[in-house]
Amino acid sequence: MSTLESKYKAVRSMTRSLVATLSAEDQMVQSCPEASPVKWHQAHTTWFFETFVLRPFLADYRPFREELHRLFNSYYISLGEEIPDKKLRASFSRPSLDEVLAFRAHVDQEMERLFAGSIDDEASRRILLGLNHEQQHQELALTDIKHAFFSNPLRPSYGSATLPKEHPQPIPQLKWLNFEGDLTEIGYSLNSEEPLDFCFDNETPRHRVYLEPFQIASREVTCREYLEFMSDDGYMRPELWLSDGWEAIEREGWEAPLYWERDPGDETGWRVFTLKGWHELSELLDTPVCHISFFEAEAFARWRGSRLPTEAEWESVAGKARRHGNLLDTGRLHPAWANDAGVEQLSGDCWEWTASPYTGYPGYKPLPGALGEYNGKFMSSQMILRGGSCVTPADHVRATYRNFFHPATRWQFTGIRLAI
Amino acid sequence: MSTLESKYKAVRSMTRSLVATLSAEDQMVQSCPEASPVKWHQAHTTWFFETFVLRPFLADYRPFREELHRLFNSYYISLGEEIPDKKLRASFSRPSLDEVLAFRAHVDQEMERLFAGSIDDEASRRILLGLNHEQQHQELALTDIKHAFFSNPLRPSYGSATLPKEHPQPIPQLKWLNFEGDLTEIGYSLNSEEPLDFCFDNETPRHRVYLEPFQIASREVTCREYLEFMSDDGYMRPELWLSDGWEAIEREGWEAPLYWERDPGDETGWRVFTLKGWHELSELLDTPVCHISFFEAEAFARWRGSRLPTEAEWESVAGKARRHGNLLDTGRLHPAWANDAGVEQLSGDCWEWTASPYTGYPGYKPLPGALGEYNGKFMSSQMILRGGSCVTPADHVRATYRNFFHPATRWQFTGIRLAI
Amino acid sequence: MSTLESKYKAVRSMTRSLVATLSAEDQMVQSCPEASPVKWHQAHTTWFFETFVLRPFLADYRPFREELHRLFNSYYISLGEEIPDKKLRASFSRPSLDEVLAFRAHVDQEMERLFAGSIDDEASRRILLGLNHEQQHQELALTDIKHAFFSNPLRPSYGSATLPKEHPQPIPQLKWLNFEGDLTEIGYSLNSEEPLDFCFDNETPRHRVYLEPFQIASREVTCREYLEFMSDDGYMRPELWLSDGWEAIEREGWEAPLYWERDPGDETGWRVFTLKGWHELSELLDTPVCHISFFEAEAFARWRGSRLPTEAEWESVAGKARRHGNLLDTGRLHPAWANDAGVEQLSGDCWEWTASPYTGYPGYKPLPGALGEYNGKFMSSQMILRGGSCVTPADHVRATYRNFFHPATRWQFTGIRLAI
Amino acid sequence: MSTLESKYKAVRSMTRSLVATLSAEDQMVQSCPEASPVKWHQAHTTWFFETFVLRPFLADYRPFREELHRLFNSYYISLGEEIPDKKLRASFSRPSLDEVLAFRAHVDQEMERLFAGSIDDEASRRILLGLNHEQQHQELALTDIKHAFFSNPLRPSYGSATLPKEHPQPIPQLKWLNFEGDLTEIGYSLNSEEPLDFCFDNETPRHRVYLEPFQIASREVTCREYLEFMSDDGYMRPELWLSDGWEAIEREGWEAPLYWERDPGDETGWRVFTLKGWHELSELLDTPVCHISFFEAEAFARWRGSRLPTEAEWESVAGKARRHGNLLDTGRLHPAWANDAGVEQLSGDCWEWTASPYTGYPGYKPLPGALGEYNGKFMSSQMILRGGSCVTPADHVRATYRNFFHPATRWQFTGIRLAI
């Protein structure tokens, strides 16, 4: 079996295992506009292989069902005659989950037939893209189901176990690490020799940027530190906030991170909803604060007399090497305590908001056609996040990886690293 | 078995049979704010018996699950600590349909235990009310699933058969029937001798009203007649419309009844979505026009040089006798052709919009407590409809029955009877 | 000078005097969607005479300026090619107030020319209608400027004097007056012999209604009585409210009548904004409560164990006779204390919300053409008010007069009379 | 008279002359949320001097009127007890224009008293800031009144003359000018020796950036070129647009620049509203296209196979030198034809959208306190524009000047310069 085929099987099987405990009803919920039903994630990622791989590259491929082509297209405007309104996803009782699973099985079977033959280079590239695409939706499925369960009045739990309560040692002090500025390079260069080498188009081209000297924090900001900001009236002092951020506070009534609820029974006054049910905040005080917007990260940094790093600073610290941390494969599904070892938590735990708006790198070219509608068309009013989170597949993220969300987004596992 | 117990079993079993073909996923959909998921209808009607009958009247009753008490309360504000936002119903993946069915089974079993003993008069009255309540939700479940399937991009069909295409004879001309005005009586007087006698509180007290002489149409307005209104630019002439109606047209973009879609393949240019799938409008031209708002009914009447009847006129024509027509028990699930026999279609086919806003009759008193939150609190900005529709249970409706909706409502089976 | 011409001059001159103290800037403000700028009121009422009287009935009439024809049309959809969006009125810096006053002068001059000749009957009827129309806008101009000044951060005062503080005597107890029900008549019959006899089309035809026996309160509800309702958590108990009313409370945050503001300096905790500036609520406790919605009136009545009268009950009490009370001519511009003399305050002080939705009387026919767009097209989702207020011109209102507003309206001088 | 005092007098007098032809009513209009009434601009700029200069630096200064302090604060959240809702500005009939002019006169008189003495350095800096602030509002006043007059149904004209119709020569072809990339510097360094030297805080610090080689267009894009984009279905092809831009098109119904209206009488099918009234588009074809959003600029560039320049590229081309072009002092008040001389139209005509989101430069520090609320707090979701427009005061703008607006903004004089 080729390494590509192995990877295909591993990724597809991971999707199956992540949703194994969710009922057909659970997989229909869309609890906020940013989210999609889990059933949709399963179908849409499968649609990708049918549309971009099997149809063009497998002779005599017979599509599973013509209507699904139109239904599970998301933002690929170039392809579709019409785009089903994202808000209508909630009416997707049909196709049923059973039919979607049959669609997945059909595509897997046909992909096996494709792998059995010799595979075109362009087909390989698209399969690799499709697998990275599916990994993105694995992460989204977990963040979406967390929100769905939080919105459900019964507040069910995704995972059966609870989070481990004890951590081995006091967590390290936040230290400032010095970096000399200079002309440096960021971005990814694909190695055409290595068949599984991959990056998204928005990580290219690798290019030079000039950095002034800077300092970066040795770990992510903890709930304990964030609680101090809250106690210091952080959410009530307009001078700490960007104008749009203050508006968001007034519109949304934010007074704590998403998933925190008042709990007079806990010494901190709060409890926290996780993928493994409710936990007292007092148990999680030294874990990274999570599910905050860019506005909150930015205001916290101002309050602390510091700032958020730019993405170039962040990447120059993280280097090009793949790093490991508390990613999806740890099975924890929640940010964990830092250990004392250099710059911690760059990989995993929380996506870290940077000070950089999402734009194209100099010379950036999107992929041609519908495949290029992935990244480039979102380059306005979004902010870059770096590093992956506790629900990012471990072999999906890298130092050059650019995630992006609107600055008011909170349903992702998003946290803070400071710089000065 | 008492007649009450028989009725209980009949009504509960009817609910089961109406939803038998719907999957758990189908039963979760809420496709417009007026609608509720079918699963919710099943749970909420069961909650009624638990809350108002079993808890107070069955010794040592053990509630099925405490949380469901809060969840399936709808508008009974007096009872609940908090009301789950109607819009959140779409996140009700939990409790699962299986659990809701277990809830129904539990309550049915306990009701059997209650029926086995001697039943308090107040309990009897509440059971009867609960059964009429469940019948209302049977009708709503059908109108809601029609909308849900229409909203689904695959446009599935609720019923397997299609509508019968042929009708035995040309339908009768619309005739004007004369009624002398005078002091007359409307409203219901309960016969306390008859154990199953029932009406809603808003049908009482029976009272006198003075009517001027009037004429009423012998049948409902047909699609063919409505098409003439459309061809005469009915939707484009503001002078035909109430001010709020014209606003609704501009806001909603109405240009035909709900469920009509343009179809160049049909001679009329339209096709119609029914509970039994799509039909060419040309097959349905002589059936009553359906799924129109009060505003459309009122504008049509003005265009025809006539008007809508008041509810007192309507009731004085219909008399107090129970009448039969094309109600739920015919299984047609769509309005049918009129026959030539006096005043037709007063019962069944379409709910008929009247010219009367919904208010309390002179001396009206709601039931005490939460049971009184049914009808009285909706007495503003709604219009009275009379007669039942093709999805109203046959033993549910009567001549004095007062249905009510906001004037822009279209998802119910609503049509037009004219008066002058 | 004919009586019609005298009336014309009196009404037009009253408009001038009511707005005499308002600057061009004041006359441009539109502070809520229900309101219009005072400059617009001045222009629109003049437009009426140009459009419906001078153009058709004065030979060789030269319109003042063609564009104004389109601009000052309000809801007369039949006439206009396009309707200027009501919300755009705030951009009406042009035409300037000077130009509007020139328009008024031009029309007055031409009307003089018309009066100099012999006047067609239809022209007379339209002039009379135009004068009643202008009187309606006089009242609206005062309610609108009250809202405009309340919305302005400097909170200027319309009148220079303050309200008289003392009242001669303790106000009378609220008494219940008995009325026998029976077949009775309501509505207006025009006396074609009397040239100045007038009513609006919606007051006709006079017709019979059957009334059950009822009791009506001897005076309007006072601020003191309303304060008891507030102290008894009236705004916090959903069981007291219609469903739409409770929604309005939650949406709007109502906790007191419009124009009441918290004032810790007053013993009642409130102060009240009037057309003559701020007053402590403690000075006004025995005056009628004012600027409340139908929902508040209805909830108050329920809390008191009573109800609002129907319009037929109200009119059968008020009789057909013109009555006098605290209307615009007293110059008070705020509701006054009741005196002890039969049914008080039926005329003036506050418009009284009735339990009757606004519909056409049996046999109602609107005036033909654009003149008929006045009343009939608003017959949905509005409630009838009766009796006039302290800003209604004294010779404008009568017992059969039907005012109507949406049930959430508060910017008019609206209050409560109870019935049982 | 000091140069600072001269500048003070010149700027204040320019404001007077720009609004000289506007009536009190014109100065009250606020026709879109981004705009403010001209009266407000006059008051707010005066408030600046009272608040930041006279109160702290002029002994025994007596404020003109205490309430105005609160009223004319805009976004200076740190100062105010409460911020009058921006939307309420439309109810500002009071203070009257007369009172605002008296306020201006009072402050000018007191400033004269201040200038008569010796002036503190901090006071000087603030006066300079206040003058630059007032110049910004001069530009805003013109863009706001343009929108106000366009919104008014009579469509009045601000200027009495019309635009000159003829231009001396064919305009130059669009050429691509090459620039070598390299480490370069952008941003402003204040010369503390020069008393009138000024920049805004967001232009600092001057810092290094690395640029790849690039090409930039020799002039702005013309209406003729933009019309080709429109003819090629530019507004109908989603693949040309950013996702947010496509949403804006669908929401707003854009199909041409703001101020273009269909005109079948002109050969191009369009006419254009300017500060000097309507002009046929055919007269303006070779002038820069204006009043387009960032989304339109970006889509046009993609359609042309090019892109927008970054702000660093733009500034490296423009250099640090002050340049002259078609700015406010030409009196044209509309973009003009390019001439053939190097890189044209960098200064004046239209603000040029860049590809750079608005963020702080490395090491950026806002001014302390309320004066710092100017720029820094808007650093999210806005795009940088460079170069000034035909309504920017000539001595206000410079090569380092950073203007910023949300990407959907169109009411400013905004156009396109291309890069590759």
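To keep things simple, chains are lettered A, B, C and D as they appear, and every chain counts its residues starting from 1.
We adopt the following convention: a residue touches a chain if its C-beta (ideal position, glycine included) is under 8 Å from a C-beta of that chain, and two chains touch if they have at least 3 such contacts.
Chain by chain, the UniProt names read as follows: A, B, C, D = Ergothioneine biosynthesis protein EgtB.
These numbers were taken from a predicted model, which means no experiment stands behind them.
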| item | value |
| --- | --- |
| Fewest hops from chain A to chain C - one hop per pair of touching chains | 2 |
| Same-site or different-site touching of chain B by its copy chain C, using the half cut | same |
| Inter-centroid spacing, chain C versus chain B (mean Cα positions, whole Å) | 38 |
| Cα-centroid distance, chain B relative to chain D, in whole angstrom | 59 |
| Distance between the centres, which are taken as Cα means, of chain B and chain A, whole angstrom | 46 |
| Contacts with 2+ other chains: residues of chain C | none |
| Touch-based graph of the chains, sorted into line, ring, star, complete or other | ring |
| Each pair of chains that touches, named by its two labels | A-B, A-D, B-C, C-D |
| Residues of chain B touching chain C in the complex | 75, 77-78, 183, 207-212, 238-239, 241-246, 294-295, 298, 310, 355-357, 359-360, 362-363, 373, 377-381, 383, 407 |
| Contact set on chain D toward chain C in their complex | 23-31, 67, 70-71, 84, 88, 90-97, 148, 151-154, 156 |
